[in-house]
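Let me begin by presenting the structure, written as structure tokens, before commenting on it.
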Amino acid sequence: MEYVKFDETREMDLILLGRVAIDFNPAYNEYVKEEFKPLKKVHMFEKFVGGSPANIAVGVTRHGMKAGFIGKVSDDQFGEFVVDYFKEQGIDTSHITKCKNGEKLGLTFTEMLSSSESKILMYRNCIADLQLDVEDIDEAYIKKSKAILISGTALAQSPSREAALKAVMVAKRNDVRIIFDIDYRAYNWKNEDEISIYYSAVAKEADIIMGSREEFDLTEKLIRPGMTDEESAALWQGYHARIVVIKHGMKGSTAYTCDGQSFSIKPFPVEARKGFGGGDGYGSGFLYGLYQGWDIIDCLEFGSAEASMMVKSNNCSDSLPTPEEVHAFIKEEKESFGEMIARV
Amino acid sequence: MEYVKFDETREMDLILLGRVAIDFNPAYNEYVKEEFKPLKKVHMFEKFVGGSPANIAVGVTRHGMKAGFIGKVSDDQFGEFVVDYFKEQGIDTSHITKCKNGEKLGLTFTEMLSSSESKILMYRNCIADLQLDVEDIDEAYIKKSKAILISGTALAQSPSREAALKAVMVAKRNDVRIIFDIDYRAYNWKNEDEISIYYSAVAKEADIIMGSREEFDLTEKLIRPGMTDEESAALWQGYHARIVVIKHGMKGSTAYTCDGQSFSIKPFPVEARKGFGGGDGYGSGFLYGLYQGWDIIDCLEFGSAEASMMVKSNNCSDSLPTPEEVHAFIKEEKESFGEMIARV
Amino acid sequence: MEYVKFDETREMDLILLGRVAIDFNPAYNEYVKEEFKPLKKVHMFEKFVGGSPANIAVGVTRHGMKAGFIGKVSDDQFGEFVVDYFKEQGIDTSHITKCKNGEKLGLTFTEMLSSSESKILMYRNCIADLQLDVEDIDEAYIKKSKAILISGTALAQSPSREAALKAVMVAKRNDVRIIFDIDYRAYNWKNEDEISIYYSAVAKEADIIMGSREEFDLTEKLIRPGMTDEESAALWQGYHARIVVIKHGMKGSTAYTCDGQSFSIKPFPVEARKGFGGGDGYGSGFLYGLYQGWDIIDCLEFGSAEASMMVKSNNCSDSLPTPEEVHAFIKEEKESFGEMIARV
Amino acid sequence: MEYVKFDETREMDLILLGRVAIDFNPAYNEYVKEEFKPLKKVHMFEKFVGGSPANIAVGVTRHGMKAGFIGKVSDDQFGEFVVDYFKEQGIDTSHITKCKNGEKLGLTFTEMLSSSESKILMYRNCIADLQLDVEDIDEAYIKKSKAILISGTALAQSPSREAALKAVMVAKRNDVRIIFDIDYRAYNWKNEDEISIYYSAVAKEADIIMGSREEFDLTEKLIRPGMTDEESAALWQGYHARIVVIKHGMKGSTAYTCDGQSFSIKPFPVEARKGFGGGDGYGSGFLYGLYQGWDIIDCLEFGSAEASMMVKSNNCSDSLPTPEEVHAFIKEEKESFGEMIARV
């Protein structure tokens, strides 16, 4: 069954709206290896494009999809780095604009303490991505696309909050599918009620919602707290959702479809370098499968494989694989661990 | 037909959320008469409680309804004046709290240039009412009431914006009727897209929506601009609205009900002192009729009469009449101008 | 001895820099008398131009001096009221500019509880006068004047703080006498250290300093706290001060001159309507005498008389007297109470 | 002649007040060499403690002086990195406090385009160092030190501005020598008048002033623009300055002493890696010489040598030399280029 119908006449596959930033990761390459240690003791860093929707934009583009990005960058060398990188990847950057009041690109310094412990130190005060404005939302652009992906981080503060909400309203009236990637970051939010108000406002309009159990709990706080996954899925499907994906970290994740079915997947076994980037790989892979018209369980397996490939890597954007690499990884893992290794 | 069903077991009739302020009107009483003139030339002023939801709270209480108010006032003599006045009227003030960071009560200086021209000069920077916070929204209180009235001005800025949106969500899950009085004031809003985003968010959840044609246009900008009254009514009734009241100033107003009917009324002929306060009288009278279970056309006539009584007066809160006074005014007007004077 | 030498070739006598605001005082006139009562219970108000340097500008102009004002007003009817009023008085308003970001004129609501108790409720958030900017300081204008009076309130916040400090530097390099009227208002200041830093920065450059003992204590906190009046005078005379006037309210005030002398005066006995406005009358009268070349003790007596006339009145600006009226008042008081009534 | 007399009974030599930050420099070490290129193309960075007064604190401590630091750092791993590093160097960190509202440590990304072209990209919005508050200025601490060094950057914004001004006042009344290192950074300042106001406020109180010609021009804008070095020196010596050092980049610098003498020095010839850090080496070396009681020309030569050593290096703090290393460098340079190589 085709749960989400994309309009094949649209020239773009996906427009992503939200945060693009720079990741500074402890150097770990052929020249230098900063082993697991507290961030304050790291001396050398590698610079990468980062930010969840930016990574998914890179991921789906590497899979051959046609993506564009609506975002705001700093008017400096870092802003140029990001736009240059997107262009090299083939992402449409026509709707990325520069800040005018000296706001800077977000920075994420990653701390890798062990294969199971990683943290981030974020620079997100007076930050470029949250300066996205309603003026930046171009209806003519949005309606060129089959779908728009809203990253929940864009809802954390005005004026980006209103830009994201406008994009949802504009997408709705132009029959553009809405994908909501909750992507919770504590930074910039003032209180939990606010999170529930704005997450739920977008979730009510979304065709696809993706998030962890904790993220759904935050979203549902003012509607009905303490729901099970099945109840959450039913709630959102009572609005517009066709597919609700709820993740439980290493325990796996489940996609609930609007016909009452559910499909579950587990992570593939890998040695992790860090805890970040898995979700972006998952999103890229899952959406790619969906656009191909695959069965949901195959979309999930592909997403899960891509997630596992990402946590092994030292970064989030540069390491995103091609479909061939994902297929090869799945084949290899299945040969080692059995055909059903990721199935529940 | 009973379009909106109120839960008669609830102890309060109506909780109003939003702006309470002070009106300084050119003195016009038995001692001093500041005739029509530019504000800068006015020397003596009279002080009154003001703000649309505050006035409606006074109005319905004078009609015998049990009302409460959720709002924020300054921690000074003006804040005390407002709370004292509410208490004298019989309004429950248990959920009016004081600002902690020196924010001041809003002030409205009214300029009365002629019987058809009046303007206002507002003090609304760092203002008390917009400091209402999600912490101030008490579910146990809201669920005591048959209905909550949200004044659109409360949506103009954070943190009041989120407080109002939370109140709507809390009302919804407790089956409290939601009345949305759009009450547009240009002050504090940043752009028109923002207005449409937040007005429509509340309008989608409301059982009753009241506003002028211009206010509906602002609300609908990002959904479908340029609608007729009938189209607007149909749009909101497609969500949750049972009654949609659209006003056209001196040309009259129409209530569209969810059974496809519409009922129209005109103003009663009076000599106006100012252009303000009519809407608050209208709202008080219309809601009173509705709570009495009257036919819609009678609710409208009562509201229209109360509106006409208000524009004749020098102020907005002190002059709000009792039901007996409204009935007497209607009787007198009909005797002078005919039974159908306000009917279309 | 001529303690302060004014350059008689300059076309203007005095430019005042700082706060102009509106006073709303409980109505007390031939039509309406709001007797002593808490502010919240006052129903009718009279509107007057207010703000200490504004009042002194009015005062010295009524005495025949040629004054100008550097200030910022709101872009509304209240801003126009102030400028119109200044023009009517004969004050040069060429360097009063309008705010561009919606800042409003300060408002002062006066509470008159008894003849010895009065308070004020101030509206000073996002306020017009504190928007004065370094761009507003015009050297060509300042050097036209014999002296500039800096009101300490202008130092409470940026950008007005820097505008005032620039005016002092510009006056200095153009040999314009600097008069510092400390005029402390708690509002807008963040902490006492800040007050000492900025008050002392201006006091160090001033030719004449006027303030209460409390105001000198605030000024000296980071230099040497706990000084006597004599020590304070000596400290500032060690910088540039020629005359230091220290006030002790009802106990009288003393002028310390740079030749080591001191001259004291007491208030004239009157029935006070309020505690405000006395200082402005005092400043106007004292400066007038000084410009006339009078002996210091005569300047003080004239200032003290004008102060006493002001506290009797219901307002601060409209009641400022002409020199003839002050002379008449002194004559009358001396006839009633003896020649030495105000002398110490 | 001993131009500046330090109180030898004080236990500390120098307390520095101002900015401590992190420098991210393109990696250039035995493992990785990021050659000259635009910042956006740099992939690997090395992290160092940075900020002019922080570097001077490190420099003088390496020379054996007892230094302390008054500053504000972020409450995160970067803040801890800075404090740990200071402690390792032997700097007293008892008066470095942590920000409470999420402000972050300043970051400086250095762009090295060629040996003569380098730029910086600064993160200085909502920045930790400018949160220094008057509450952080501890008189008991300041009076333990022979001198305090105020970095002009601390004057760029409140509340750090007032903290620095308070420190100057407190130093003054405790007979602590005041060293003003102008250290102009365009970031955070609003206009040039403001710069002149605050720089001159500190310069008027300083015993030693160090800055470039451009920095003196900024300082003197509102006093007398367009002065020569000799006029500048005379102006400040007319206040409290004993030594005024004015730098002209590659053309060398001159120290003007209060006895009317002047002493000039040139840079030592080296191949520069970057344009930054020279001033910090200069300051460290010059002050070290002064504390040793050397002749001014020897202080200058030592400072100039240390400056030359710094611009050769890839960073500003880690490469600061010991006195032995500076002496060795001078010896070597003189052997290569002649005894008078740096003398004018």
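Letters A, B, C and D mark the chains as written, and numbering starts fresh at 1 in each.
In the analysis below, contacts are C-beta pairs under 8 Å (C-beta built on N, C-alpha and C of every residue); 3 or more make two chains touch, one makes a residue touch a chain.
The chain list, named the UniProt way, goes like this: A, B, C, D = 5-dehydro-2-deoxygluconokinase.
Everything numeric in this text was worked out from a predicted model, so none of it was measured.
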Starting from the defined contact criterion, work out which chains touch chain A and chain B both, please.
none
Starting at chain A, how many touching-chain steps does it take at least to reach chain C?
2
Could you see whether A-D or C-D has the larger number of C-beta contact pairs?
A-D
Can you work out the whole-Å distance between the CA centroids of chain B and chain D?
62
Between chain C and chain D, centroid-to-centroid distance (C-alpha), Å:
43
What positions in chain B touch 2 or more of the other chains?
none
What pattern do the touching chains form: line, ring, star, complete or other?
ring
According to the definition already given, which pairs of chains are in contact?
A-B, A-D, B-C, C-D
What residues on chain D touch chain A, complex-wise?
24, 27, 31-32, 38-47, 76-78, 80-81, 84, 102-104, 107, 109, 111, 121, 123, 125-126
In their complex, what parts of chain C are in touch with chain D?
134-135, 137, 158-159, 162, 165-166, 169-170, 173, 190-191, 193-194, 196-197, 200-201, 222-224
